[in-house]
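Labels run A, B, C and D following the written order; every chain starts at residue 1.
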Amino acid sequence: MSGNIFGTVFTVTSFGESHGPAMGCVVCGCPAGVPLSAELLRGELARRRPGGGGPATTRAEADEPEILSGVFEGRTLGTPIAIIVRNTSARSADYEELKDLYRPGHADWVWEAKYGFRDYRGGGRSSGRETLCRVAAGAVAKALLAKYGVSIRAWTQAAAGINAPAPGEAGFDLDEAARNPLCMPHAGTAARALAELENLRASGDSAGGAVSCSVTGLPPGLGEPVFGKLDALLAAAMLSLGAAKGVEFGAGFAAASSRGSVQNDRPVPAANSNAAPLPPGVPALGYISNNAGGVLGGISTGMPLEFTVAFKPVPSISMKQQTADRSGAVRELAVKGRHDICVCPRAVPVVEAMAALVLADLLLRNRSSRLD
Amino acid sequence: MSGNIFGTVFTVTSFGESHGPAMGCVVCGCPAGVPLSAELLRGELARRRPGGGGPATTRAEADEPEILSGVFEGRTLGTPIAIIVRNTSARSADYEELKDLYRPGHADWVWEAKYGFRDYRGGGRSSGRETLCRVAAGAVAKALLAKYGVSIRAWTQAAAGINAPAPGEAGFDLDEAARNPLCMPHAGTAARALAELENLRASGDSAGGAVSCSVTGLPPGLGEPVFGKLDALLAAAMLSLGAAKGVEFGAGFAAASSRGSVQNDRPVPAANSNAAPLPPGVPALGYISNNAGGVLGGISTGMPLEFTVAFKPVPSISMKQQTADRSGAVRELAVKGRHDICVCPRAVPVVEAMAALVLADLLLRNRSSRLD
Amino acid sequence: MSGNIFGTVFTVTSFGESHGPAMGCVVCGCPAGVPLSAELLRGELARRRPGGGGPATTRAEADEPEILSGVFEGRTLGTPIAIIVRNTSARSADYEELKDLYRPGHADWVWEAKYGFRDYRGGGRSSGRETLCRVAAGAVAKALLAKYGVSIRAWTQAAAGINAPAPGEAGFDLDEAARNPLCMPHAGTAARALAELENLRASGDSAGGAVSCSVTGLPPGLGEPVFGKLDALLAAAMLSLGAAKGVEFGAGFAAASSRGSVQNDRPVPAANSNAAPLPPGVPALGYISNNAGGVLGGISTGMPLEFTVAFKPVPSISMKQQTADRSGAVRELAVKGRHDICVCPRAVPVVEAMAALVLADLLLRNRSSRLD
Amino acid sequence: MSGNIFGTVFTVTSFGESHGPAMGCVVCGCPAGVPLSAELLRGELARRRPGGGGPATTRAEADEPEILSGVFEGRTLGTPIAIIVRNTSARSADYEELKDLYRPGHADWVWEAKYGFRDYRGGGRSSGRETLCRVAAGAVAKALLAKYGVSIRAWTQAAAGINAPAPGEAGFDLDEAARNPLCMPHAGTAARALAELENLRASGDSAGGAVSCSVTGLPPGLGEPVFGKLDALLAAAMLSLGAAKGVEFGAGFAAASSRGSVQNDRPVPAANSNAAPLPPGVPALGYISNNAGGVLGGISTGMPLEFTVAFKPVPSISMKQQTADRSGAVRELAVKGRHDICVCPRAVPVVEAMAALVLADLLLRNRSSRLD
């Protein structure tokens, strides 16, 4: 299947170059009857837009979504839901000098090596602006998941080398993540990280960071062994984000230096807290710990799903860098235009959206796992 | 698509329960004309089998592959290649007590929550033995990739909390990885890790570890933006392995606390070292560093592809653990049977196989990226 | 995969309800470098629009295509090509009475049985207007196929029970099909059929018909056995058209009452007339006859690809019919609005478009059938 | 997706060459809990084997199925079901002369044009023996469908130009189809057709025919518009059969010369005879006629699903024919070996199997069409 289509039953087709007429997506396979409106999309898209005092790009687009199909009288029809957002603030002139130049840390040259030519304006298809399509589609997925009681929350766990308290640690406050421009779950940490990001901006540099995500309300049983495992599909979803360089679930890389007696999550009798009933003869269980991050054997356990994504520093920096041009010569470049210093706060709704797309698909696929 | 099928053009259908009649796979989409034999498969499968003095399970199966279709006079026909391996050493009786018990750290209960019942013998479909199917299929992919000069090498980077030198560090020796039972690229480290694993075995415990992989000879241009990115598909492939808890590419998680000026890989003029010619007008370039791990914007750069997978400790431990049973009561369990202490050395050929499957698929898909 | 996505490598995602904001499609997997413009799309869409004196609906929409992505400086980028057409002439009021009524011969009730509710305005998603998406996508496929010398021509073979001369029969004139409003390859037959259609219109009735298609320039070797056969995929493409009730290839149903000695197409030595060279050691051959219609074992033979599609009469007729309503009661209905009397002339470009989509996909897939 | 994989949720991967070690299939996506045994498979495979006095090949293979995975204690596990049948009666020597010869009406040459070489023994992958894989997989689909009350029956409607009475016509007797070797629903017609087939055998010739199929118990709502329509998928399934040259649904090609007032199936109030309840607010309806053949807008209506497949004459005839060889020279050929005179009776269970595969897939996919 095309690299621009994601999912098996609940699918998204993404399209758009950052400086073309429009970005958009087509969501297929959403069941009929899910409440959906442009207003709901607008809210999610706004979360992805550059913040006020935050470390993000100052490009200020309206990002006004238009629903072209698939919704009738406020509900999904079961038909494809096409959503577009016009590119209104595209200052192509900023990018003229990039026409024959390959930016360090960007996909400019590999894109030409693959396709023979490229839309050089703002990265074209490889622009971070493409994540807008994912957020719009993810909003549909979230609306579906909400009907089943599934809730997805992401936040900036680390930025510019400064780590916020993790879930369970003192000071972790998810409500705070909704308040500060970095989306960090701790006000003091956020302030320190913001200051450090300003220093980097001043020196023409940029920073990496990490986004964590927690999903609650997920019933046990989601995931399609052996290749369509819950964590496998989430890993693909996360690494499909431009600047992502790694992902880990639950204890993650720390588990690699740990022992079985420490890591094993032990099942314990529990009440079935899920809306969905368990199959006949299967007892309700929980787990005494969640080192697995809510997934065992690629199947959701009913515990919170927890994972973290590592993002590299934004490659577009205003500091002068040496690079190569189309003639094969070395050139000097200071990237102009409007760029984020750290991708994390704007990645937060994108991580949520991608998780929602994976989960909506697996939820629907799971309906066929056994006879009623 | 089913969770048991992997790939888009070069696909693998995996089947088999660990104590059923046979494991196997069907490889579809392999071009006609690739040399293939049972002997070649046997060699790859042998690498996955438990080693002599190593930390792996002592179950000693022949794992004799039989090619049922798709090969004629020593070459692939372009038709599906079906390969089976009989399960000859399946001592089901070992597992009778697990019938109504859910092992900690295993998928036993979630499997029932999803499917209603399970083959409890040795994990059934969720057994690590399923990776045999991947190694067989991966051997076909490797044979195809070899025709294009692509070479894949994995090794144990860390085990039981003991880290081997990384590529570029003093003492790193990939030839050594082929000699010691842990597949570590440094003899002294391997010896210390083996000793630590023996301690864990004695105490009835187990250990995690990390496997790294490097791919050379890959032309630039592989990967299908935006969801079918090279790293996205590799991430899915790696997290589809039972005990994997994380994956990182190039600088990986370290990039999250780094700066753009440090991380950016700068393009430099270079000779085209690839068999495949670049499109007209596109200059030959290399990169002065490889923090990206050989992939930018989800497309191969022509630099070595480098990634690391974190594995959790083997959950089957002989130490007594509390767990729950089908009646919902708490029970005590000491897992019997033959189990690895650390999954890494046997994961090495599996990581290679999964990488080969992703790369074979992307190589074939790339043929359609532009007009000739 | 969703029912709204077609193809494997060259894919189309179709969207839109007939009285929603817009119809459209996203074409993924088109190679970079194919010349494409709104002008080209406009030409194909115009062929699908209701003709002047013809038997088609009198709804006169501009059907103005807008390319939202995937084209840069007049050539395809290798990225998704999104095309939309606004629904400007949608008189929803015409359809108010159909809100609680199920039209005979239409999908109104089954749509509700499946999805729970429907967009009742003009058939919504099940409207023939959806074929506009296919024609737009097909225009892209045709542009790609043209690069490889493949040409697709369809025409109305029969309408209202009146048959035009078939290819090879006296009077068959494909140029004539481009001149008369019925797209029939014989002027006199077209005149008689038009007269008969006018009679039916006067009596409030409608007619069926058949569309035939011929593809030339196709190299041998296209088709993916055993389920992705050329004729299998074309059959799916044709039966995916709303009013299609059958399809046949070459001698078709007549072959069922014939003999092997008559039907067998015998290979004969021939010059290789294809741009694409044959594999080493394979001689150039042709066939002395073409009863197979250009496909053997699901693979193109290099002879012209020939097939015919049967269309049922347009179900929307102005004659009074009994039907049932939402309350389950019997009601009388005379369908208002603008409707075709016979679907054939407007189906001609749609049949071509669907054939183009299948062939573009198979052409690209075929690139992976053997080692270079 | 590979041409050897069929379906979206309920999938089949087919493999095997007629004279290789084995034929087989892997069924993925079958829900857990469906009763399945080798005995059940054996019964279906026996229906496909050459009959006693019938017009079929005299190759008498045991066709003994072995289930390698996916079934535990008599029920499906929800994991892939791999089934193999060894090729025991493969007399390769019969085919030696075909090594460098291209048979008329066969895929020999096009196979080489595509793949560069072929397994020439008995057609290899393009042999009719491949349908064995479909029958085995179809048996699994039938077992699933039986759980939902769906029943599939096919029969030979015409052979050697002799037509049996159609459903609803005097003399049509589906029980008779199970008694005579031609599977015709009328004893006298079967006797005449058999006599005619014997004449053809004597003269070294062969015959075409038509197989019809009726499916009862199907709930309304199955089918995935717009490309995944019920009839579109069935058409692909039927044309994927080697000798099929056409397919028609309900009135089929006859509808093309009919009128809307005649063809329109009118909805009428009816009791809901389906196990599955209709969505809230949707009345139970039936149709006063079934010209549509049980499908409107690509969605099942709840009326019997009815279609007919046209098969060309068996191309392997013992009569001398001219053909071409690898050197490009003209050669004379009288096909030896064991061949059917008319494919129909053996196609009957294959048509049923392919219908079952389509319907099982659509049944499972339909579960996601609307919110509960």
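Methods note: a contact is a pair of C-beta atoms (placed from the backbone, for glycine too) under 8 Å apart; a residue touches a chain by one contact, two chains touch by 3 or more.
Keep in mind it's a predicted model, so treat the numbers as computed, not measured.
Any chain touching chain B that also touches chain D appears here: A, C. For B-D, the equivalent interface within A-B, C-D or A-C is the one where over half of the contact pairs agree by residue number, namely A-C.
Across the assembly, the mean Cα position most removed from that of chain C is the one of B. When the interfaces B-C and A-C are ranked by how many C-beta pairs touch across them, A-C comes first. Inter-chain spacing, taken between the CA centroids of chain A and chain B, is 25 Å. Centre-to-centre separation between chain B and chain C, using Cα means, comes to 45 Å. A straight line joining the Cα centres of chain A and chain C is 39 Å long. For chain D, the set of residues that touch two or more other chains comprises 1-5, 8-9, 14, 29, 32-33, 78-79, 114-117, 125, 225, 369-371.
Chain contact summary for the complex, chain D toward chain C: residues 1-6, 8, 14, 102, 104-107, 109-117, 125-126, 130, 158, 160-161, 200, 204-210, 219-229, 231-240, 242, 244-253, 255-269, 278-285, 291-293, 296-302, 310-317, 319, 321-324, 326-330, 366, 369-371. The residues of chain D lying in touch with chain B in their complex are 1-5, 8-9, 11, 13-17, 20-24, 26, 28-29, 32-33, 66-70, 72, 75, 77-82, 84, 114-119, 124-125. Listed in rising order, the residues of chain D touching chain A in the complex are 1, 8-10, 29, 31-34, 78-79, 147, 225, 364-365, 367-371.
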